[in-house]
Every structure is written in structure tokens, then in C-alpha cells.
Amino acid sequence: MHNQALKRKLYVIIFEADTPAGKLFDVTLIWCILLSVGLVILESLQGLPVWLKTPFIVMEYLLTAFFTFEYITRLYCSPKPSKYAFSAFGIIDLLATLPLYLAFLFPGARYLLIIRAFRLIRIFRVFKLFHFWIEGQMLLTALRDSSKKIAVFFMFVVILVISIGTLMYMIEGGKPNTQFSNIPNSIYWACVTLTTVGYGDITPVTALGKFLSGCVMLIGYTIIAVPTGIVSVSLMKRHEKNVARECPNCHRRGHDEGAQYCKYCGSSLNEMKNEK
Amino acid sequence: MHNQALKRKLYVIIFEADTPAGKLFDVTLIWCILLSVGLVILESLQGLPVWLKTPFIVMEYLLTAFFTFEYITRLYCSPKPSKYAFSAFGIIDLLATLPLYLAFLFPGARYLLIIRAFRLIRIFRVFKLFHFWIEGQMLLTALRDSSKKIAVFFMFVVILVISIGTLMYMIEGGKPNTQFSNIPNSIYWACVTLTTVGYGDITPVTALGKFLSGCVMLIGYTIIAVPTGIVSVSLMKRHEKNVARECPNCHRRGHDEGAQYCKYCGSSLNEMKNEK
Amino acid sequence: MHNQALKRKLYVIIFEADTPAGKLFDVTLIWCILLSVGLVILESLQGLPVWLKTPFIVMEYLLTAFFTFEYITRLYCSPKPSKYAFSAFGIIDLLATLPLYLAFLFPGARYLLIIRAFRLIRIFRVFKLFHFWIEGQMLLTALRDSSKKIAVFFMFVVILVISIGTLMYMIEGGKPNTQFSNIPNSIYWACVTLTTVGYGDITPVTALGKFLSGCVMLIGYTIIAVPTGIVSVSLMKRHEKNVARECPNCHRRGHDEGAQYCKYCGSSLNEMKNEK
Amino acid sequence: MHNQALKRKLYVIIFEADTPAGKLFDVTLIWCILLSVGLVILESLQGLPVWLKTPFIVMEYLLTAFFTFEYITRLYCSPKPSKYAFSAFGIIDLLATLPLYLAFLFPGARYLLIIRAFRLIRIFRVFKLFHFWIEGQMLLTALRDSSKKIAVFFMFVVILVISIGTLMYMIEGGKPNTQFSNIPNSIYWACVTLTTVGYGDITPVTALGKFLSGCVMLIGYTIIAVPTGIVSVSLMKRHEKNVARECPNCHRRGHDEGAQYCKYCGSSLNEMKNEK
């Protein structure tokens, strides 16, 4: 019983953010993550003084210890440890602890230590701390509604990019000193041009190539309207749906967007659940 | 009679994707297309070992044989072969078989073999296999609704680009070592700038030229709103129309977007037809 | 009286596009404009053979003669010649005839002949020939509705660009060999970056400069949403207004967008007028 | 009493723009600001003749005197001077007067004089002079409505950019002569690419790096739809709310967007207040 109470208490602190202790924990976690990422970024700079190396290693040891302790506690206090361990966040939490241990096993593996930077993704875990947690959820729901349309658009763009790249290779590929020396390079160029990025590391030199480039640019400039339109409409529909939400208790409608409780009877409107 | 049954059976396998055999055929086709395009891309790389050449040629022979066989079967089992042969997909299917045969007739024609990459367009044929086939159709319908407005915008942009290009040629054309050496080049620059691609292979050097560039950029940055707005509104209208669809049988409304059958009486809401 | 009839007949041919003669005239005009612009573009190319020069000059003489004749006829048959002469289109029509005459007066004035390319703008005059004339009008009306909001956004962007340019000059201006050598150049850079054009002819080299660049890019990437949103909403409102249009005769509503005649009683819904 | 009347009179002239004197003051202020900014920009040019230096200094003295006088008057005639002094505009007004005084105290401080360019921000103060003052307010309100969603998107983009930058450092960082020499540089590159700016000062050279670049571009090209959608919907909602506004006097609805007075009873619909 006492065990259960401890588990429950820890759960509230670690997984939730409604209590002062829970908030403090989440804020500590954010700072640890940011510090950890900051260390990786600083380490990559060449001109750092040598004496900084030792404090950097010490801090990395401390951070790994903290993340390991946190991971074990999460496993311990989770109602269903196996479910947590295999959830998306569980795997990310585990990965955040591993780099240093792996670096012991495989010394010299430079990449393992850079991987620590991806601890940044854990920031999303403590997102619920912020006031705009619900806004993020609404955005995600709207994007999920339109994901199929966006996927169709994405496939269309990929096929377009490969076709244009091949066409450009036929036009410019035979010129001496061309940078369209093979189809993958040409596809890379098509991607750079269609998305209006335009590095300029590969540019057409023939008149026909420049004309085709112009067409590709205009196409890219125009079809960007498609995903934008899709997302706009999706957000609009979601907004309409939100306004038309029915309170499960008193069955009245017209609640504000983002409202979580019925403004007439106070019962919860929101049936979203977090993983436990 | 037996002939008709075979034709019908083949038709279901090749043209439709609702049966297991039809799905298997479509998946096979996708892999053949991707393999064929992959071969063309790999062949364009310079550093490939010589011994790879023979398997590449053999595979190309096999793929061409498969596409030829498929084209003939499609012609055979189609209810109206001539209609199929002259439909957009029919012509694309034919073109997919030709490159190797033409390469026999005109040896050394490098381009003919690269053309094989455009077999990729055939992917659209098997698009109906995917769950988001209807989404694609809805996107297309919405774009068709707004095609006239987009065409007006496109013509406006083309006239703008030519005018700006000419203006820039007047400003920068007389400078020594300028890259605005003729009007087509200047138009190409205007296109690169207005569409916010910005390669940087041609850039203004005079103060007036830079000022004009800045204006062109700001114009390009602002008018991209026009196609986006057009498509958003078009998708919105299509959504409203979908919600307001009337079941042809029971005349009730309020069906979900993408629904194909009336949720009250079960009769088909969808009158789209594929080419046969 | 006979004079009036001739005037009226000419007016229908030249200013309108509903009769076969009017259509023929407009199509001829489009081809003359395109030919004229094509000539200017071709002349700007350096490698042209010398023998082409004479036919080019002859064609330019013929085109100028045609445009002059057209301008005089328009003046003649217009109900209010002075109103036409000072309208936007009247001035453009006049300018289209002038370059060659001016080139006689001021020989060697290279620019005067390039100005001929702006005859392209006259294409808009014969726009009404195309089916999407109404679409263009609707787009323009929607843009005019939102022109104030877009102007506010534009002014905001201009102030932002100048401020960022100045800030960047303070950061990077003191470095040796910098391209941020003065504030106008820095403003040009800010414009290139904020609009996501990104030529790369001027790029930051200091860490602080790169950080500021990153911020500017993210700002530019995000605020492009503002004009897009404005135009989307404006088009949406225009669409709603169109659907809610009331027939001036039978007072019924629900006409399709772009409809010009009431579908119930056939009277005109459209009160747009062209300049005469 | 007389003092109060003077204060009131000055207040109307300086803070409001409805009287001819108020308008004249605002227009003078705009010209002074533009002149001041123009001076800073001109001074930054290298090739200026020496004799221009004296008039530039004299004008700067005059402008500083004017801004100082204006600031003191504003303080004097404001009903609550301390509230004005600590408002955003009050601080900006103060900052506009300081650079020259500070330059006396710290001679040689080049930056202090460049800071004068930020007087440009004061332009926003006299924005209410223009007819589109209300439009700007509506835009701002709509943006404030969606600020949380945009903040979520912004944080997501920042995390994405850092992650992609780190990933690219792992891929390209080990190559000789690479420009991905440390993680901050790689993050800068990720920012340049994701926002579709594409300077081209840092570009990938390995095949894997180019592939990842292509993916980043396509992501950046697609997710730009999110802020656009957010702002579109926010403007749409604001428009709907405006149309549904209720007159506080006669309680009727259906007023035009931007209307400030009820069209039925003439009482004010607008409860916006300026800082005093």
C-alpha cells in the first residue's frame, strides 16, 4: 500500500505538470536537456580552450546520471511499465541515457556523443507545461485530418522532381564541366529549384536549360498554394467542429475553441488521454 | 463466350484494384516501374563498375518485355481497344515500352534510354491502389475549379517577369562584365528573383539595380498570396459542396467529405468513372 | 450621320470583342504585340547574323505604322477622345507608338528602342478576349478589397527591412572585406533574406551575424502567412457576396460565382463598365 | 485653469490626428523621422564629398533639438506623465533623442549614431494618420488571436532546425574543407534551407548530405502551410466576429468590417483606446 502511494506520488510529479512539484520537475528537466544540447554544440566548436574539457565531461556524467535516474523512476512509477517502455516517449527517454554508456563500450565513436543533441526532442515531452499545449494538440489534429491530402501532394512533388531532374540531365548533361553530371545531381537541382530554395551551387547554362528552370520555378511558386490551401481548410473545419461541440453532460453547444470545460454545466469537454 | 469471360477476368486484374489478384498486379507494376527508373538513375552515375553493365541490360530487356506484354494485354481486354490506345494513360503505357525498341533502330541515341525514367509517370495509374485515391480526386477537382483564376495569375506573372527583365536589362545591361548581357538572361534573372528562388548566379551590381531587385523581391513575396488564396477558397467551396451533397436515392444531405455511399440508405454517392 | 455610323462600327471592332471582326482585330493586335516584343528580345542577343538587321528594322517600321494607325483610329471612334487619351490604356497605347519616332529625333538612344518591350503591357487590353476575363475581374476586386491591409503589411515589411539592415551594418560593417560596407547594401541584404530569395552574394560571416540572419529568415518564413491570409479571406468574402447577390429584376439570390445573368429571369447581374 | 487649457490644446495637437494642427504636426514628425534616417543611411556611404559633413552635423543637431522638444512637450501635456514615460512609445520617443547626447559623452562611439536609424520605428506612432489605421488594428488583433498557435509552430521549427543541423554535422562534418565545420554552422545551414532562403554559402557535397538536403527542402516547402493556415483562419474568425458585432446601444448586428459607428443608430461600435 505504502509502495502504491509512493508510486502515485512520483507519477504525479514526473508525468504530470499540475502540482508545484510536477512543474519544478518539468522545468528542471527542460534546463537539463538544454544544457546537454548546449554542451554538444559547444564541443563541436574548434577553438575551445583545453581546460574546458574536464568540466564538460563531468557535466555530461552528471546529466547522464540524472537522465538514467529519471528513466528508471518513470519505469518504476508507471502503472504499466512495459507500455511506457515501448511508447514513443519511452524509447526517446531511453535513447537519451544511452550515448555515454555506448561511448564506453565503443571508444572513439564520435557520432555517439553527437547523438546526445537529439535529446532536444524530449522538449516535446514537457510541452504540456506551457499554456499553449491545447493549441498544439489542435494544430496536430487539423494536420492529421489533412494528412492524406498532403501525402498525395508530397508524392506528386516527388514524382515531379524526379521527372524534371531527368529532363534536365538530358538537356544539360552532355555539356563539358556541367554540374548536371548524373541524374541524382539533377534531381537534387530540381528539388532546390522547385522548393524555391535556390542555392545556386548547380545552375543551368544553356538557353533551353534556363527556360526549363524558369518554368520549374513558376510551377514551384504556384503549387505551394496547394498544401497551404489544404491546411487552411483543415484548420477551418476543425474550428467549425470545435464551435459545434456538444457537452456530453448538458448537450449544449457553442463552446469557445480550446475550452476544456462546458461553460454551462462545468463538465469536461475534452476526452484526450496521455500515455501512462 | 469463353473469350469474353477471359477478357473480363483480365480486365478486373489489370484495370481494377479491388481483388487480391488486381492488387498483386498493381504492386508488381509499381515495383517494375521503380526498378526501371532506378536502373536509369544508376546508369547515369559515372563511377559504376563495368561488370554491372550486363545485368543492367538483361534487366532492361526483361522489364521491356513485361511492359510490352502488359500493354498488349491491356489492349486485348479493354472493351474499346481504340479508346484505350488513344487515352492519356494508353499513350503513356505505349511510350513506356518503346525506348528499347527505338534504341535498336537508332543506335547511340543516349536520350532514348533516359526517356525510360518517365515511366515514373505511370505510377499515377496505380494510384487508385492507395487509400488516398479519393483525396487526390478531390484535390484535382478543387484545382480544376480554380484553374481559370490560376491561369490569369500565371499570365500576369509571365508579363511581369518579361517587363521586369527588360527594365533590368536597361539598367544593368550596359555595365562591363555584366551578366545581364541580353534580355532573355535578364528575364531568367527576373524569374529567379520574383519566385524567391534566388540562385545568385546573376545579381545586380548597381545601386539602382539593387533597389529594383528589392522591389521585385517584395512583390514576389507578396503576390504569392494570390494563388494560395485561390486554392484555399476553392478547397473550402468544394468542402461545403461535399457536405451539401444530396443522396441520389433518399435525397438526404450532410454526408462526410470523401464518403462514397449514403450513410442513410447505402446507395452510391459517387459518380466518377475511370476510363476503360 | 454616316460619320456616326462609321464611328460606331469602328468602335465595336476596336474596343469590343463580341463580334467576329472585333475578335479578329484583337487577335491581330496580340500577335503584333508579341512580334514586337520578340523583336526587342532577339535584338538584345549578341551573336545575331548581320543580314537580319534590315528585316528587323523593316518590321519595326511596319509595326509602328500599325500601332500609330490603331491609336489614331481609337482616338477617332472614341465617343470622348480626350477621356480616352488620358485614360491609363490611352497613355499606354500612345507610348507604344512613340519609341521609333523618338529614336529619329535622338539618334543613338539605345533605351528608347528597348522601351518597345513594354508594349507587352498592352496585352492586358485584349484580355477580355479570353474566357477568364470575369475571373480576372473577380481577383482584382478581391485584391482591391484587401489593398489597405496589404499596404499596412507592406509598410511594416519595409520598416522591418530598413531596421534589420541597419542592425546588420552595426554587427558586420566593421569587418575587413565585408560586403555590408554601407547601410543601403545591408538593407538590400535584409530584403534578400526576409523575402527568402537568398541570392548569397552578401552573406554574414560573424557568429552574431549568422544568428541574426537565422532569426530574420524565420521571421520572413512566418510572416509570409499574413498577406496570404488576407487574400484568402478577401476571396472568401467575395465568394460569399457573389453567392448572396440579388438579381436587380426578380430579387432572387443564389447565383453561381461568375454568373452574369440571373438564372431565373435572365436579366443582367453585372454592372461593370469598361472605359470608353 | 489656463494651464489646463494649454495642456489640453497641446495634447490634441501632439497625440491626436483629427484636427488640422494635429495632422500638420504628424506630417512634420514623419518628415523629420525620414530625414533623420536618410541622414544615417547617407553617412554610411563611403564616397561622400567632405563638404557634406558640416550640413549633416547641423541637421542632426536640429533634428535632435526637435525630438527633445517634442519629448518634453509630450511629457508636459500628457495627463499622466509617468504612464507615458514608461509606455512602449514613451521609451521609443526618449531613445530617439538620446544618441547625439550620448555621442558627446562617449566620443568615437560609432554605433550610437547608427542607432538613430531606429527612429524609423517611431513611424508606427503616426500610423493613425493614415486611413488604414483600423485595418492595421484588425490585423494585429487577428495575429494576437493566433499567437499561441504560431508560437507552437515556431518552437517546433526551432527544434527541427537544431536537430537537422546536428544530423548534417554528423554526415558532412568529417569531410576535408567542409563548411559544416561545427554544429552552429550546420544549424545556420539548416535554417537557410528549411526557410527556403538558400544562400548557397554552405552546401552539401556528399550524396547522403544532398539527399537529406532535398528532404529538408521538401519539409520546409510543405510546413510553410501551417502558419499560413493559422493566420487565414484567424482572419476569417475575426471577420465573422466583426459581422456579428452587436451595437452596444440598439443591439442590432450585421455591421460592415471596419465600421466604427452603428449604421442604424450612429453610436460608436469601437471600444479601442490609445495610451494617454
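So that you can tell them apart, the chains are marked A, B, C and D in the order they are listed, and the count of residues begins at 1 in each.
The rule we apply is simple: contacts are C-beta pairs under 8 Å (C-beta built on N, C-alpha and C of every residue); 3 or more make two chains touch, one makes a residue touch a chain.
What you see is a predicted model; the values in this text were computed from it and never measured.
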Shared touching partners of subunit B and subunit C are A, D
Check: interface with higher C-beta contact count, B-D vs A-D, is A-D
Two copies, subunit A and subunit B, superposed on Cα atoms differ by a rotation in degrees, nearest 5, of 90
For the copies subunit C and subunit D, the interface residues, called same if over half of the numbers are used by both and different if under half, are different
Rounded to the nearest Å, the gap separating the Cα centres of subunit A and subunit D is 30
Per the C-alpha means, the centres of subunit B and subunit D lie apart by a whole-Å value of 42
In subunit D, the residues touching two or more other chains are 153, 184, 187, 196-200, 220, 224, 228-230, 232, 236
In the complex, subunit B touches subunit C at residues 148-149, 151-153, 155, 159, 162-163, 166, 169-170, 173-174, 181-184, 187, 193, 196-200, 203, 207, 210-211, 213-214, 217-218, 220-222, 224-226, 228-230, 232-233, 236-237
Residue set of subunit A touching subunit C in the complex reads 196-200, 228, 232
Listed in rising order, the residues of subunit A that touch subunit D in the complex are 37, 40-41, 44-46, 110-111, 114, 117-118, 120-121, 123-124, 131-132, 135-136, 138-139, 142-143, 150, 153-154, 157-158, 161, 184-185, 187-188, 191-192, 194-201, 220, 224, 227-232, 234-236, 239
